[in-house]
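Chains here go by letter, A, B, C and D, matching the order in which they are written, and residues are numbered from 1 within each.
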Amino acid sequence: MTVTTPHPAATEVPKSSGTRLVDRVFRMRELAILLVFLVMIALTQAGNSEFLSEQGIKDLLLNATILVLVATGQSLVVLTRNVDLSVGSTLGISAFAAGLYLHGGGNPAVAILLAVLLGIGFGLLNGLLVSLGQVPALVVTLGTLYIIRGIDSIWVGSRQITAADLPGGFVDFGSGGLSAVPWLAMIAAVVLVGTAYYLKHFGSGRELYALGSNPEAARLAGIPVRKRILLAYTFCGALAGLAGALYLARFGNVDSGTGNGYELTVVSAVVVGGVVFTGGSGSVYGAALGALLLTSINSVLPALGVSSVWVLAINGVLLILAIAVDRIVALRVADALKKRNARHA
Amino acid sequence: MTQPADKGPVPVLALRGVSKSFGAVRALRDVSLELFPGEVHALAGENGAGKSTLIKALAGVHRPDSGQLLLDGAPAVFHGPGDARDAGIAVIYQEPTLFPDLSIAENIFMGRQPRRALGRIDHRATRAATAALMARLGVDLDPERPASGLSIADQQIVEIAKALSFDARVLIMDEPTAALTGSEVARLFGVVRTLREQGAAVLFISHRLEEIFEICERVTTLRDGARIASEPLAGMTEDDLVRRMVGRELDELYPKQDVKAGQVALSVRRLTREGVFTDVSFEVRRGEIVGLAGLVGAGRTEVARAVFGIDRWDAGEVELDGRGLTNGAPSTAMAAGLALVPEDRRAQGLVMDMSIERNIGLTGLRTTVRAGLMDRGAERSRSLDWAVKLQVKYARIADTVNTLSGGNQQKVVLAKWLATGPKVLIVDEPTRGIDVGTKAEVHRLLGELAADGVAILMISSDLPEILGMADRVLVMHEGRLTAEIPRSEATEESVMAAATGRAAA
Amino acid sequence: GTTKNDVKDEGGTNKSAGKADPNAATKKGLTVAFLPKQVNNPYFTSADKGGEKALKELGSSYKEVGPNSATDTSGQVSYVNTLTQQQVDAMAVSAQDPGALCTALKQAMNNKIKVVTYDSDTKTDCRNAFISQASAEDLGRTEVQLLAEQIGYKGEIAILSAAQTATNQNTWIDFMKDELKKDKYKDIKLVKTAYGNDDAQQSFQQTQGLLQEHPGLKGIISPTTVGIKAAAQYLSGSKYKGKVKLTGLGTPNDMRKYVKNGTVEAFELWDPAKLGELAARTAVALSSGQISGKEGETFKAGDLGEYTIGKDGVIALGKPTVFDKKNIDRFNF
Amino acid sequence: MPDSLTRLVRRPALGRWDSAVGALLLVLLLLSFAFVDGFGNALNLSFLIGNTLPIALIALPMTLLVVSGEIDLSVASTAGLSGSVMGALWNQGMSIETIIPLCLLLGAVCGLVNGLLVTRLGLPSLAVTIGTLAAYRGIAQIVLGSDAVTDFPTRYLDFAAGRLGDTFLPQAFLPFLVLLAIAVVVLHATPFGRSLFAIGASEEAARFAGIRVKRHKLILFVATGFMASLTGVFWALHYASARYDNATGLELSVVAAVLLGGIDFDGGKGTLGGAIAGVFLLGALQNAMSLLNVSAQSQIVVTGVLLVVSVLGPRVARQISVARAGRRAAPPANPTSREPTAAPTP
């Protein structure tokens, strides 16, 4: 029979390295996406020097703005282990409402407020249905996606808001900015940073994570589950509304089809950004990076002169590549972490 | 206000004639209980007696169907766990309730983090407070580490730390020690004693009777949801307590018969999984029960997982009946006659949303088949057979397992694996959370299996169990096998010495 | 097995060769259904409104059904089925797909329903007549002429189209390319055709891409109302405004602002309401037996005048109108 | 991980959900026969079934996939791709009898790619299939470009669009029934199907029970790809048109129908009967509404309301019955508490 002898303890690893590693794993996920993004931009710039001109940068930022906003809101909901598929519809209907108001010669600030309020309204509706009814969010928000879209179509009919109907200042605001940084991008950045700060440093923000991580435990810990879910949905709706108003400013054109099918883009951005669909993990920065990545792919390919026929396929492949790279990096780091962190008491 | 006339102090928390039913199951019937400051109160009873249900009634998780809850002698209603917490009641539930994605520090202070100006969380203070708690419990867990990936024992420790952090007037603990080894238990008891001296009321549940006698003053026994007695422990013997719980005398606890060990059934050679365990070699023969002891986190579970194929090993080999097992393939291990009763019954052992019948049936998908289709009759009779053999207490075999009490869930896991008729059986903490009566039954079963020629590897943190059952004891320390002690020489001292790395056997 | 060659001579025998009586009375009380590519699309709404007006005048009744999305081909098919089921007298269809509707439309014709396509055609044997918004040739050539004038017959140009599958777009683009072969355009180079899928955001980004890839670009032709609108909005908010010329097919209401602020000089379109009206009148004429859809037949289409059916049952609406700063305020659609 | 409370709350309703959807379908059919002009005649019914078949075909493997806790959003693109390839090869002059098996093989490969990405790399299926949704559609566009191929042999077109004699059944319905039967047996009566429920409810526990989780999932993805391409072939023949954008957006219809049928997207729950009832409920509802001249916009609203009500209804009904059960005391502040909902205490 084998006689085992004690060996000197396996390689000692200073305890603190574990801590930093944990942090790094989470940051790593965002870094991976950032890396993919930067490589892509660099390659494009190499192929087309116009790409990063002032106008080019401005376009990149402008393109991302609206998706960043909606993805930020969506990640809050996804963090709580829910989902809001109705954001595209909400965006469409609030954009039209804001446009209709401005058509009558209103104040742009009030129009934006109106869009946000409408978004909050639909967010509340979703939140109430999901949290009070305790029913699967996927079904409910797929339902409200159809309902809001239908109401929008009936209300709007074949009317449309065009740039000519809007105050000139509002439309200029949609495409203007400080040199390469558009106003809209600044708004999105402020919202993004504010949300991220809130999630990290405020009790109710942390509770959203807790809630998504383990709903049953959250209840036992006395977290007001319903209120928090309601909060997440309301916020998501508000941002979708805001995004609607900005959409109007940027494109100057809204009809009953605005925002149709947007939910899939938003969900992709959030998922690419590393926000986990089973809740509790991920960050809004990740989601924003995901949004930036997705919209930039659509700019990169035309800028490189890739025929539009190829765009869709390349888009899909890049999307998968981005998730895969992110995943592999995360796995590697987690593996290193696990092996080093194995506790030998 | 009703105050007991004959007693001096007012109970901080009390139940009066509380009943609670789940559908047709009457989990509590007219139960009363009083918790006094400065006293550790034990709650004892068989699996499914209603202990956890009673605790949930105290914690505001369940609302009693009838009866009253008294707080400082005054009737109170808890609308949810939050209310109980606000009333100064801290609870450790039987199953850990952690947020896997959050750090240990956040898990402990969720909802109560120290704040800075404007209500912002003070992350540094949270970390420091967590580190202090860990020091108090004498464990070395990084506050920043995410809770996912913690072993059951570590999870339990985090739960304890969380409960302690409340500085509560009432501390309720539902089997906090089930996954812990002696040293952590000793630490915990040290802390509990301090709390008692500071005037807290403590309610303690454990199936390890010696612990009850060590730390508690009074005991309330439950049987089938009804209170049998509430009395001081002084002057009682373990047998007295068991009789109240079970309602009859029990047989001897560790009845391992001597079986002549046969051929080598399981042979593990130089098995290594980087960073987790290194160079582990041992053999288990037919008819033999080999104990695997060690401190929490020594790597025993990891070895079992690798042998069964859940995790891949980096080097070494595993043979069953002389035939090599594939790395990382539980299905082939199973087909070769290996069974693993995992330590985490809720995550690994059971599909919580499935019925008892189907959970047990899950390991028999290859056998209860006729012409490629499920043979439901065979599946049911197989499941029923084993549920009865292991005395699982259930209403209907088609009920989902999450309606079962913790101990009964454990029995279902055992049933599920014993039903495969394994040649080699690895059991990881097989009796965690199982009551004394059933424990004896499980031990008798394991003994019988060994007598029938099954080779058994038993991982347990319950040292008396190992000493009572095992023919040989292997001891692990920091990922290595440090000793192999034959039954005749195995004592608490020799095993602990090897487990803490103080000496080789 | 069965290959393409085996089926070459199958089918194509479906055309009902009924006799037309140009002097037959115009029937009243007919039901004519309009099935656009997409309901709620402003363009189709104006077209269908034109049809509604004409039908009212003719004493017949109008209805409009259709899918909510312009890519929901199966939805459009089931609407054809439903109309067949409801036994309308005629339907005017703008086909999302030249082939997919065929089976359903043939079934409708077998059930004595007259089928007119407008805006987008199907295969010729699946309908009685097609109302073409303008001759494809006219549209393609005039757009090139418009742009060439604006850029002084010199420089790189690009096309921003809708979907790659849009049949009408592709025909126009072919004529554009043909026109460009003429000698007077020898200094103009068509560098690229991009597709914005009739989606505002995609058309936006395709425009950006065109400009980045071809910094020397002088002009863009966008023969789709969604495309030209998105391109105009992008140009008007960018440094390219006024420098890169834009023309194509757009509606006056969409484009008014950009014409006024100098982003766009001139563009063209037919009047969709007239398109709808002609479709309606053709449907009624078919149902009344005044025409059968054969080449050379003529009929009177109210105020629109007299029309002659061309080859393959195609009826062309007429020349498109060019809109610019001077005349744009006279139009409202 | 401890059971999620949402599951706990939902469980009691689920057992009845699929039968409720079935009952709803029956009621709808009866009402439509009685009150909707033209609904009951054979031609219309064959339209209804024919147009619903593509969704139903994909719903079969999708149900199995969702039960095992995964999802495939790329199905519509796979269908489009196989239609595209079918058209391109046909234009090349290849015989249809060779093309169809090739297309089916291609579909299986598409599924395999999804499956490998999910099982080998451990990527979330939602993300992967959103990616392949774009990729497959893009490849379809590259393959066929702007062509529309319509000249498939009449024999095949007739099969895909024709009826069985003068009955209301499309010819393709019988093969569908066979596939349905196979799917039902696989999911509800074989060890494979049983394993899927276990995997969906708790992947870890399934692995510890010796179930080959990855292999199972891979098989499902391949099957889904195969069925999606079968649908693509059927689509091209049924509508006599192979284009790269065939079946665009079909995935959302499938998901909506499957959800309506009570399949839990957390995995581990649901029956095929429920899913198919959901598919035909939506199909019949749309058909009836069109015949009643309900506008497309209003149809969307109705569909949405139906989805919401179908999940909210049972829940609300239960709460009302609990309230009626005579518990005068204030209801628990927290709706998620595990209060018993049936059997009043004696």
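The rule is simple: a residue touches a chain if its C-beta (ideal position, glycine included) is under 8 Å from a C-beta of that chain, and two chains touch if they have at least 3 such contacts.
By chain, UniProt protein names: A = Autoinducer 2 import system permease protein LsrC; B = Sugar ABC transporter ATP-binding protein; D = Autoinducer 2 import system permease protein LsrD.
Only a predicted model underlies this, so the values are computations on that prediction, with no experimental measurement involved.
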**Study point:** Longest centre-to-centre distance from chain C, chain (CA-based)
**Key:** B
Revision key, fill the gap. Chain centres from averaged Cα atoms put chain C and chain D apart, in whole Å, by 36
Exercise for review: Calculate how many whole Å lie between the centre of chain A and the centre of chain C, each centre taken as the average of the chain's C-alpha atoms.
Suggested key: 38
Study note, to complete from the structure: In whole angstrom, the CA-centroid distance of chain B from chain C equals 74
Study note, to complete from the structure: So chain C residues touching two or more other chains come to 39-40, 68-69, 164
Practice item. Specify, in ascending order, the residues of chain D that touch 2 or more different other chains. Key: 1-3, 8, 141, 145, 249, 295-297, 300, 334, 337
Exercise for review: Give me the residues of chain B that touch two or more other chains.
Suggested key: 61, 80, 97, 100
Review point. Chain pairs in touch?
Key: A-B, A-C, A-D, B-D, C-D
Review point. In their shared complex, at which residues does chain A touch chain D?
Key: 81, 129, 132-136, 138-140, 142-151, 153-154, 214-217, 219, 225-226, 261, 264, 267-268, 271-272, 276-277, 309-317, 319-320, 323-324, 327-328, 331
Practice item. Can you check the complex and tell me which residues of chain C touch chain D? Key: 1-8, 10-11, 39-40, 63, 65-69, 71-75, 77-79, 81-82, 84-86, 97-103, 123, 163-166, 170
**Study point:** Parts of chain B lying in touch with chain A, wherever the complex brings them together
**Key:** 59, 61, 80-82, 85-86, 91, 93, 97-103, 106, 110-111, 113, 115, 119-121, 123, 139-142, 144-146, 149, 154, 274-276, 278-279, 281-283, 295-299, 477-484, 498, 501, 504
Study note, to complete from the structure: In their shared complex, chain A is touched by residues of chain C numbered 38-42, 44-46, 68-69, 164, 192, 194-195, 200-202, 204-206, 208-213, 215, 229-230, 233, 236-240, 253-254, 256-258, 260
Practice item. Write out the stretch or stretches of chain D touching chain B in their complex. Key: 1-3, 7-8, 11, 185, 189-191, 194-195, 197-198, 201-202, 204-212, 268-269, 332-334, 337-340, 342-343, 345
